[in-house]
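Each of the next two complexes has chain A plus one other chain: chain B in the first, chain C in the second.
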Partner chain A sequence: MKWLIDSDTSKLEFVREVEEESGIKIFACYQCSKCSAGCPIAFEMDYLPNQIIRMAQLGMKERVLASRTIWLCAGCETCTTRCPREVDLAAVMDALRIIALREKVKPSERDVQLFNKIFLSTVRKYGRVFEGEMIGRFNISSGHLFKDIFKAPKLLKRGRLKIFPALTDVKKMKDIFKGTEDI
Partner chain B sequence: MKYAYFPGCSLHSTALDYDESARAVAKALDVELVEVPDWTCCGASPAHVTNTFLSLSLPLKNLQSAEKISRQMVVFCAACYSRFKFAEKSLAENQIKEKIKKIINLEDIPEVKTRHFLDILINEIGLENVQNRKKQDLKGIKVACYYGCLLIRPPKVAEFDDPEQPSCLDNLVEILGAVPVSWPYKNECCGASLSLSRTDIVLKLTNDILQDASEAGAECLVVACPLCQANLELRQKDINKKYRKDFSLPVFYFTQLLGLALGIDKKSLGLHRAMVSGDFLLKEKGIA
Partner chain C sequence: MLVVDQLPKTELQEIPFKTKIPRIGVFICHCGINIAGVVDVEKVASEFAKIPGVVHSIDYKYMCSNPGQELITTTIKEKKLNGVIVAACSPRMHETTFRNAALKAGLNPYRVEIANIREQCSWVHQNEKEKATEKAIQIIYSILEKVREDQTLEASHSDVEKKALVIGAGIAGIQAALDIAQAGYPVILVEKESCIGGHMTKLAETFPTLDCAACILTPRTVEVSQTPKIKLYTYSEIEEISGLVGDFRVKIRRKARSVIEERCTGCGICQEKCPKKNIPSEHEEGMGTRKAIYISFPQAVPNIPVIDRESCIFYKTGKCKVCQKFCEPEAIDFEQQDEIIEEKVGAIVVATGFKQLGKDLYGEYGYGKYKDVINSIQFERLQSASGPTLGEIRRPSDGKIPKIVVFIQCVGSRDRSKGIPYCSSICCMYTAKHSMLYKHKVHDGQAYVFYIDVRAAGKGYEEFWARAVEEEGAIYLRGRVSRLFEKDGKIVVRGSDTLSGTQIEIEADMVVLASAICAHPSAIELAKKLRIPYDQYGFFTEAHPKLRPVETTTMGLFLAGACQAPKDIPTTVAQASAAASKVLGLLSQEKLSHDPITAVIDDEICSGCGLCVEACFYGAREIDGIKQISTVKEVLCEGCGACTVACPNGATQLKNFTKEQILSMVDVML
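Our next item is the complex of A and B:
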């Protein structure tokens, strides 16, 4: 695929945004691709991790934020550990997701973001994760109705699934969620 | 030794056996664990990919409660461990410290250090000491020690083992009488955070991991993370179905193998809760 990089696509504003959100200097990257060589999810990504960095350096905001890569990154920290230029790529991926959310870009991996959202909303509500409700809500919202459902009886029998949520410190949790959202 | 103990959400649900064996082992080694009062979720991956402030505030809130008990907090979940260590690092150097203090209404950042129990075991109690308390030998059982990601990466955060050639679990099982196999996939990712949303990816990664372990001759795996355990064990049947395999590899928590060696009964270690039971293997080896 050919892309034309002109003064319009090269919005360096985006570089500043990524660097500010991640605290990482992305121009330190010299494109050795070591990050992509070790990335366990690379086989499923539309752009390799080093390509994401390169695109970010060039200010290709729309393409980067619309990529599946930023949602598929599992945060395994392999790239961050191995980068010879100490580019914390895992932190850059976090920053890109946060920017995408802030700018209301539709996540190309819908279910990944859906899971994150439902996970956090159960934590906000109960203080701790409540798997039963979380999985139920995820299945309903994602349309995978019976996913993992057959595991439930086996887990219940072994005491590895809770029937009721453990409500803990809910008021304080609400304040924290609210406080961090308002910033 | 008295430590604040942060179990985390998994150890109170799908990884109840990790919590049980953790407490039993700590007791046998004279380590006092006091549960952090009113502990709440550390935020795990969904928080740090959504909002940086949230990902720091949630651990901090728990450190605040932990401080009442001890200046050292122990965790067993590698993912919680990582979140607490990240918070510790960021809050030490960042200006966001002031903002965070406001959000959770704090005067000062609590001075509590978070440690994984493996770190305590190796660097405080000492493996020699553990060996001296051994009541049962693990009789040459062949173990693939699986480190995954967050226990060892990134090294500036995880701090206590080598990120490419980790050895703490191997050293531990070896002194207990097991034989750690040598295998390249010990620190590959299992895809934990994608477990529900992109299960297909997780099944591929875990299939590769189990394949490598079994080719190396392992009879079981040992882990130090409830998310790794769930992906490798709870989903083993799904892996078999998708990839037409017949893996039947028990995935123990290191606390369960350690507990057996310390002479703790199987029930107290939660071994009956496994989906891929270790009973047959243990019986075959003559480990009571």
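Our next item is the complex of A and C:
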């Protein structure tokens, strides 16, 4: 890998963008890698969490936005809790996903994005998540038709999976959606 | 060895061994369970009680405690002991303690010996109690042999010249000189250059507080010039040093500066009128110019010019003398010769500082080849309000303001292949400072720093570095730079960043090298004159890295500042004050007492072969020109015994460690 720093890249526009979107000081990170040490998803990632920050520091926008890592991050905040420099990495990951969507970067983890979309659409529809529809739609859209199908009876029996949606205050939820979309 | 009043003087009891029967006391220490837990101390005590000549043998819980010492003192008096063995810990721990206890009872302290039954017995044989007890008994038997033959010895004394010499007038030398003078002793301060202050005169602002170097240094340099107790010789060097602690004889060469210091008023008209211009200025590190007659910088102390005879037109062609024409007080003296001044001093502080690595080692970085590749001290000059650009950051090639500046750390340092394996210790911090100051001046500029580690171990240093990164936006790239090359008016820096695993290429406008801190080129020659040791890099060596960090192994010679190892200003000043306090400790002595355990020479046997002279590191041995036999300068002798081993004739012996004593000690062991 090679990276050229010239009068353009030295302007650090990408870092500023991430800082603005996340409200986090990216240069506070001193690359101790404690975030990566604790990250439960690290084994699946193409870049470790600290590497994402490092690449952001150097302005490697394309590489960061195309990474699988930003989509695999579960937002569990283990990194955030443990970072000695108070870098809220989970928030940075959020910001990177937002930027990636805004810039229409082809997502490296299509399923993750699909899941997020379907999840939110059921919430919007019923005021809370409706697992039955969500799983059905996800399995069909993603093409993993029978994914986790054998877990269904057990979940049904325990009441973790419902046949019919439980409606809550749909209107309030719609207002929330509208509110956030306006921002 | 110097024993500055370790042992107070009292009446000594004179009971020579050979004429009277030995009356020896053996005191066995339990050291809590350290010894008694392994060695059967009671058995040992009763064993020695039976030996003829031992009139008292006893064990006790802690011999070094007050009651323990009291026990020794009263027993000596009551039993009229003329020799004492304390079987306890290493003599390094408590030899002086027990010798003092003996002295209180009036016994010559050199008749007290320690049998080490802790470090050399109980600690190393914890699982073999019986054998350990046997060994303890053997150790004490052998010490008994030594005590039987021990002679009454007395420390010798010499006078102290109550004056100090400080060599080198950087911040280290200045601090040491001021401290000594303020305590009331005269100081001779010798500086090689035409003015004082050393490297600090070139610095702009200083980490970690960013106070301006001139603002903190100038009051000190002025104070030096205004302190009557300090005699300052600038443009001078040490020609020769002889003598020893308390009585050093120094010859100082005052180089001819072609200006009579006493007459010069410092008006500067000479340098204004001198027609010989454009000589690269040393003070500006070659980025500014000076005349043939010059004062290094406006605040120089002393504010007296010097003629650089190599460049001066008169010295080349015999014509000119413009400066002389304009000099009203008639201070210019073209015929001035070097002058040798002789001084006598009691103690010496060496504070000759450092030099930065030149351009020889790092061809791949193009220093000296590309104009816009400069070193860190040159960058200090660019930062300085009184520097060649009046404090504006402009690159040397075309005077443009550089928008991308790359700083490279560890240039030379930590590079075994270039013969500099050590860390220069200050460059991490000044580079952080440089990146910060650059940003203060060029708001739209970007600083990149290539580093391997950031070493920020001082007080407030880590926070300072973090500020450079977080607040001033310096971008640190972890890796060494492979090479630099010029392309379209830019300096391309090819390095890498191990943190992102990327090869990095930067199109920089200017590059600053944090070149290694090396010993001053004159250091080794000076060390030889002073008889002080130095390491393979030319830094002077301290007597002990932890416990005697400002002393050298030569008595009366102390170290301060970067001549000992690379260091920053706070550490330099601390060391200088420490050296000054050592000097004061020495100068405040009425007499210097010297440990009497020194080498002695038997004139009858010595063949004058001179092997002892070679063996002695301290320069204490000499062949007497007339008698053609070896002599011992007792004050210089450290009692190390190297000469006694070297002497093929057995002519040299160490007092109270004679060959007979050592052989009989070995005999009883076998």
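Basically, the second predicted complex is superposed on the first by the 167 of 183 C-alpha atoms of A that agree within 3 Å, B and C clash if a C-alpha of one lies under 4 Å from a C-alpha of the other, contacts with A are read in each partner's own complex, and residues count from 1 in each chain.
Note that a contact is a pair of C-beta atoms (placed from the backbone, for glycine too) under 8 Å apart; a residue touches a chain by one contact, two chains touch by 3 or more.
Everything numeric in this text was worked out from a predicted model, so none of it was measured.
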Looking at the overlay, what does A:Leu12 touch: chain B (first), chain C (second), both, or neither? second
So in the superposed three-chain picture, is A:Leu120 touching just chain B, just chain C, both, or none of them (first/second/both/neither)? first
Per-residue contact with chain A, leading partner among chain C and chain B: B
Return first, second, both or neither, reflecting whether A:Cys76 touches chain B, chain C, both chains, or no partner chain. first
What is the contact status of A:Met60 with respect to chain B (first) and chain C (second): first, second, both, or neither? second
Is A:Ala37 touching the first partner chain B, the second partner chain C, both, or neither of them? neither
Going by the contact rule set out at the top, does A:Ala152 touch chain B (first), chain C (second), both, or neither? neither
Is A:Leu101 in contact with chain B, with chain C, with both, or with neither (first, second, both, neither)? first
According to the stated criteria, A:Leu48 is in contact with first (chain B), second (chain C), both, or neither; which is it? neither
Where does A:Ala28 make contact in the superposed view: on chain B (first), on chain C (second), on both, or on neither? second
Show which residues of chain A lie in contact with chain C when the two form their complex. 1-7, 10-12, 25, 27-28, 30-31, 50-51, 54-55, 57-58, 60
Touching chain A in the complex, chain C uses residues 403-404, 446, 448, 466, 469-470, 473, 475, 477-478, 497, 499-507
In the complex, chain B touches chain A at residues 9-10, 12-17, 38-41, 43-54, 57-58, 61, 99, 102-105, 149-150, 153-155, 163-164, 188-189, 191-194, 196-199, 201, 204-205, 234, 272-275
In the complex, go through chain A and note every residue touching chain B. 21, 40-41, 43-44, 72, 74-78, 80-81, 88, 90, 93-94, 97-98, 101, 109, 111-112, 114-117, 119-120, 123, 127-129, 131, 135, 138, 142, 147-148, 151, 154-155, 158-162, 166, 168-169, 172-173, 175-177, 179-181, 183
